[in-house]
Structures are given as C-alpha cells and as structure tokens.
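Next come two complexes, and both contain chain A; in the first it sits with chain B, in the second with chain C.
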Partner chain A sequence: MIDVLRIVFLRDLKVSLRRWTDVLTSLILFVLVSLVFPLTLGNDSTMLLKIVGPVMLVSALLANLLAMQNIFRPDVINGSLEQLTLSSYPLTWIICTKIFSFWLITSLPLLLISGFIASSYYVTGNSILIVILTLLLSTPSLVHISALAAALTVAIRYPGALMALIIIPLSLPIMIFGSKAIEFSISGIDVSAPLYFLLGMMFFTCSLGPIVTASAIRISID
Partner chain B sequence: MKQEDRRSVTHHNLQSNFLELYRSDHLIFSNISFELSEGQHLLISGANGTGKTSLLRVICGLTIPTDGTVMWDELATNNVDCTYHHHLAYLGHKNALISELTAKENLEYSLDRHRSVMSTNRILEAFDLNKYLDQYAEKLSNGQMRKVALTRILLSDKTLWILDEPLANIDPPGKQFLLTEMQAHLERGGMLITTSNVNNETLKSNLEINLDNP
Partner chain C sequence: MNFKSIYKLGSPPLFYKLCIALEPWFLISSILLIAVGMYSGLFVAPPDDEMGDAFRIIYFHVPSAYVSMMAYVYMGAAAIIGLIWRSNVAFSLAKSCAPIGASFTFLALVTGMLWGKPMWGTAWVWDARLTSELILLFLYLAYMMLHLSIPDRAKADRSASLLAIVGMVNIPIIHYSVVWWNTLHQASTISKFAKPSIATEMLWPLIIMILAYTLLFAAFLSKRTAAELAVREKRTRWIQTLILGDKSNA
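Presenting the complex of A and B:
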C-alpha cells in the first residue's frame, strides 16, 4: 500500500517536473496579478497595506485555478486514471497522494515567492511571515477544492469557466479569513483566530476532499 | 508467489447475470449472461458500434450497468469483500501510457509488478522493444505503444485479463508471440476476455457472445 502510494507520488512529481511550462505559467500568473497593484497604485502605502491580504489570496486562487485544470485531464485522456480506479488499492488514497504532489509542485514555489511580493506592498517584519503562513494554511484547502472541481469537470472539453464557478464560491471562507489574518497582523491585532479557522478548513478539506474527489472521478470516467 | 498459491487452492469464476445497458434511452445490449471459469476464453464479437467495448467496461466495473450483476467468486463485484480487482488486468482502447515518461519509466511506475526481470527481458525481446525503452511514450508509434501496454498486462500476474482488441496495430511476430502468451495464460489457469479480432487458429474461444443480433 505505502509502496503503491510512493510509486504514484514519484511518478506524479516526475511528470509535473517534465511539464514544467504548466507549473511556471501558474507561478508567473501569481506574480503578475499580485504585482499589478503596487505598480498601478504607486507609493500609496496605506492603500497597499489595506489590499495586500485579498490580493495575495485572490492571486493564489487564480494561479491554483490555472494549474489545477491539468491535474486529472492528461491522465483521463491517456487512460491511466482508468487503470488507477481499477487497481486493487483504495482510490481515495491514490487521489490524496496525487493532490499532495500537485500541491508541492504548484503551491510551494508560490509560498517561497510570496514573501518578496508582500514586501512590495510595504509589508514588513513579522507580517511577512504571517503572509507566508496564511498562504501555507490556505493553499492546501484551495488545492483540494480545485481538485474536486477538476474531477467533476474532467469530461468537459473546456472546463476553465465552469471550474471557476465551482471553486470561487467554495473558497470564499478561505479568502475572507485569510485576508483577515493578514490585515490583523498588519494592524497589530492577535491573528490566532483567523489562522485557527484556516487550519480547521485545511483539515476539513484534506480529510473529506479526497473521498468526494474519488467518487467524482468514478462518475466522470464512466 | 503468494498469488500462485492462492490460485491453485481456490478456483475462481466470473459470472454475469442478465446484464443490460442503456445510454440515454438507447439500448446498447441486454440479457447478457455467461459464466467463465479458469482456463477459459470468452470472445465478444459483433460489428462496430454494437457495444463490445461498453460490455467490457461493464464487466470490469468502469461503467455501471442499467440492470444485472457481475459476480466474482459468487460475490457481486461492487461488494466490499469482493477481491475482483486483485485479479483483474484491463487494457482498453487507451494504452494508459503517460507521454512525458519513457517506455521504461511507464513500465517501472505501474502499480502491480510481480514477474521477474527474466520474464521482463523475454517479453521485451519478443516485442522488439529494447531499443525504444528510453524514448518518451509520445514519440513511439501506435504499435509500439500498444506493445508497451501489453507488456504491462503480461507482467501483471493477474488471473483475469480483459483485453479490448489486443492485436490491433501489432506486427505479425508480435501477434504470434501475444497469442502464444495468451494460450500459456489460459493453460496456467488464467481467464481471458477479448473482443472480435482475436479469433484464429492459435487461440480458440470456449465461449462466445455475439452482439450483432440482440
């Protein structure tokens, strides 16, 4: 069982690295969207500090939306997802592993770069760490929600818009509490409440997400 | 090894009762019943568009039939206790090869690998694949991709092979080798379900379902 998950994990990691243009595209989208505001607003630091939270989370959501379109699609086209559902190992765990390797490839670089982007919004000191921490807690939830949307729309030819319609309402709580965490930290208020909520959401989506995604896949490849 | 032991102790059988499939109010097939035991070959024949592939997908559990059941060792295949998927190797029209991986990596990253290096080499030799192992799957020809996918089935050590047109796109020596391998699989006590183009002197079928006249 662990062996099989290791195989799936290594295979997905290798495949994602060979499709590096896809990974890079979503990362560049994140950087571009989040840099538009400091460039257009100039040096209005109070305004920038006000919008940094929502902007960071929305850009992460958009980058995620772009990257996640390809989590299951190539495997459905070449038939290997079919083989995974027929294997004697639980599909839920296999999907969970796939999502985790996808998170590593698409969201981890985004976390690393987010500190630098935050500094262009005049965010300083501890707040930069809070920005990174907020993204660390919210991207797993976003990835699981997007994986569900990707699984539901995998049989559709151009799923982009439909995926956005599914993902954006479902990820609103993460957007709201994520921006609050960043806003609180900038204005010096205790940030633990929104971070606890994000952590709770992360456990919720990580535990139930793969189960729902696995059954969505079974339906989609019928 | 464990699998070999289990196989010799218990006798597996696959049974289907009155399978029926509708696709948006259009009847694909109905009243399909058969019983397949070890060492038997079921051939599904019929013209194009008569539902051969759909029937295979129903049998292996990818498509849920409108009516009827598929039973493995007297248990319905959607039963939690059913060990059907431990014994099933399926190859459909899609070869399940990831184009970003080489032929070799595609074989290495398959989930069930039981056979030894020896038999791997023997199969690769017979399929004339050794030269192409380091090529990306997307660069291979259709026949070569099919051969890699079939190698995976031949190496899988499963009891029931469900193959959708296994001989399509394969050159004569490859065909000959595949037919002898399928024959050997049946003699080992394996089961085989194939569609129409596997019907010739080398491999006789024990059962046949013709979908032409519903």
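Presenting the complex of A and C:
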C-alpha cells in the first residue's frame, strides 16, 4: 500500500508541476489580494497592523479556493480517479496523499511568500514567524475543507461560486483563530491559545476530512 | 416494540399517505395554538420592566430560531438515515427540510434585527448566536444549491446529505469559536438575554408558541415531503392511481 501511495504522491507532484500556471495563478492571487489593502488604505502602519491577520487568512482562503477547483476534476475527466476508486487500495489514504501533495504544491509557496507580505505590512521580528506558523497550521485545514467541497461539486461544470458557499462557512473557525493568533502576536499577547485551537482543528480536519472526502468522491463517481 | 412498523415507513406509498393524512391535523392544531399563544403573548402577558411592550416580539423570534435549528438537526438525521439505507423517503424528508428551515432562519434573523434596533440601538451585533444563525442560513443555502446543481438526483441526494452532516458537525464548532473569540478579547458587550429568569406568565405563551411553530413546521414538512415523493415516484403505479384515480389503467 505504501508503494501505491508513493506512486500517487509522486505522480500528483509531477502533474501539478507540469500545470505550473495553475499553481502560479493562485500564488499571484494571494499576493494581489493582500496588495490591494495597503494600496487602498494608504500607508498607515497602525491600520495595516490591525488588518494584517484577517487579510492573510482571507487571501490564503481565496488562493486556496482557486487552486482547489482543480484537485480532482482533471483526474475525474481522464478517468484515473475512477480507477483508484475501483482499486483494492483504501481510497481514504489515496485521497489523503493527494491532498497532501496538493498542499505541498499550493500552500507551501504561499507560506514562504507570506513572510515578505507580512513585513510589507510593517510586521516585525517574531510576529513574522507567528504569521508563517499560523498559516502553516491553518492551511492544512483549509485544504481539507476545500477538498471536501471540490469532491462534492466535482460533477458540476462551474463549481467556483458553490465551492465558496460551502467552504467559507465551514472554515470560519480557522479564519477567526488564525486572525486572532496574528493579532495577539502583534499586540504582544500570548498566542498559544489560538495556535492550540488551530492545531486542534488541523488534527480534526486531517483525520476526519479524508474519510468524508473519499465518500463524497465515491458518490460523485459511481 | 414493533420494529416492523418503523421499517414500513420507508415505503413511499405508506409515507405519502401518512403525510397527507397528518398534514391537516398539524396545520389546524398549529393555527389554534398560534391564536392562543398570540393572544396570551400580546395581551395577557404583562409588559417587561425594562423593554416594555417591545419584548413581545420574543413570541415570534424565539420559536423561529428554535425551529430553524431543530429543522437542521432533523435534516441531518434524515440525511444520515438516507445515506445508510439509501431510502428515498429519508432523502425527500431531508430535501424538504431545507427550504422550510431556511425560511425560519430568515424569519429569526429578521425578527431579531427588528428587536435589536430599538433595544440595542443597532440591528446587528457580531455575537455568537446571531453569527451562527447567519451561518445556519448559509448552510441551508449551500445544501439547496448543491442539490440543485447536480443533475443526477440520486447523486444530488447523497452529496447534499453528506454536506448536511458535515454542517451539523460544524455548527457547534462555529458557534463556540465565535463565543471563545468574544470571551478571549472583548469584554462582554451585549448579551441577549441577561436572563433574569423569565416570569411564568411571560413564559407559558412562549412555550405555546414554540409548540405551535413546531407543529407548523411539521405541517409544511409533510406537505412538501408528500409533493416531493409524488414527483419522485411519478412513474409508479400507486401514485398514478392515487392522483389520477383509475384513469391510468385505461
């Protein structure tokens, strides 16, 4: 089984890297959305420090939404996901692997770039690390929620708006505590409480998410 | 215990007849109770010390909020039953719950805002209860949109049911994350009921209204479910004979 998962993992990485424009588009969206705020608000550092948390999380959510529309669709169209569903290997683990490789491709660059964006919002010192850590803890949950939405809407031709309608209410707790963590670290309060919550949500979504997503895929495909 | 009668409810003709038979009783009793509850709530119950007569909107606000949440739980339960037993009846129930529940959620939000405007001076506060009610509305909408967007009905049923169950798991998390977020940071601003435990003569009309709204929900639900079942089973003999009489035999 490990072999199969490794093959799926490497294949997905390879496929995503070949479709690098998709990956780049979502990354550019992340940068652009977070650029809009300093440009429209004006160069007011106290204001920017106040909104950096929500901005980071919302940009990550939007970038994620854009990228995740393509997590299952091409594989459903070319039939490979159907073969994986029919195979004797547990679909939950295969989905889990796919999500993980997708997270590596779409969210990891976002984490790397978020530090620079945070510093353009006049975030300094340790808080930059907290911004990155917050995104590190919240993007897995976001990816799992989006994967579920993508799996539910895989049979629909233009799923974008519907995916947003599903994802945003479900990811609200992550948005709230992610923004709180960044806000706390900037105003010098202990950040461990929101980070623990994010960690808990991450375990929750990573453990139950693939099971639900796999059954959604089974429903959509058969 | 007679389990056989429970299994029998899974049969569309029987459930259809049950819905049609029960619906007028639900509706009549609900209208009667609403009349009693409205009269006693609007005229008999004493005005509130602080809020005066404005508090009387509680008799419409609380029942709608209660039914909106109950409808979601009901929808989730029907979705679970539908997913496990692939029961057409359960899926019809779940699908019928959504628009009714959404309407009651909308009603709860509107009455809440109407109440909030004179009481708090603002129609909207980002407190946990209001936010989760709003999110509930979006979850209903997501369920309905997902169901509408998938052309194959069997797939639509099961996918939307999965979403309903995920939403049911998530509502408490969303609610408490807003609660904790408030307690983490803001000093408590306005709590909706600072609960100086409500007086008995104010309470019993409320209970009557909650009961009446529940029965109203049951009436709407049985009507919608019957219609939904009729549409789903339109190719079968029993519905044709029921609706068209014996003409279909000719």
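The rule we apply is simple: the second predicted complex is superposed on the first by the 222 of 222 C-alpha atoms of A that agree within 3 Å, B and C clash if a C-alpha of one lies under 4 Å from a C-alpha of the other, contacts with A are read in each partner's own complex, and residues count from 1 in each chain.
Simple rule for what comes next: a contact is a pair of C-beta atoms (placed from the backbone, for glycine too) under 8 Å apart; a residue touches a chain by one contact, two chains touch by 3 or more.
Quick caveat, the model's predicted, so the values are computed rather than measured.
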- For the three-chain model obtained by superposing on chain A, do chain B and chain C clash or fit? fit
- Query: Does the superposition put A:Leu162 against chain B (first), chain C (second), both, or neither?
  - Reply: second
- Message: Contacts for A:Ala193 in the overlay, against chain B (first) and chain C (second): which applies, first, second, both or neither?
- Response: second
- Query: Should A:Ile28 be classified as contacting the first partner (chain B), the second (chain C), both, or neither?
  - Reply: neither
- Item | chain B versus chain C as contact partner of A:Leu10, first or second or both or neither | first
- Is A:Ser87 contacted by the first partner chain B, the second partner chain C, both or neither? first
- For A:Arg18, decide between first (touching chain B), second (touching chain C), both and neither. first
- Item | Distance of closest approach, chain C and chain B, by C-alpha atoms in Å | 6
- Per the touch rule above, chain A residues touching chain B in the complex are 4, 7-8, 10-11, 14-15, 18-19, 74-75, 77-80, 82-89, 221-222
- Note on the structure: In their shared complex, chain C is touched by residues of chain A numbered 148, 152-153, 155-156, 159, 162, 165-166, 168-170, 172-173, 176-177, 180, 193-194, 197, 201, 212, 215-216, 219-220
- chain A touches which residues of chain C in the complex? 135, 138-139, 141-142, 145-146, 149-152, 155, 158-159, 162-163, 166-167, 170, 173-174, 177-178, 180-181, 184-185
- Task: Report the residues of chain B in contact with chain A in the complex, numbered from low to high.
- Result: 60-64, 83, 85-86, 88, 90, 92-101, 105, 109, 111-112
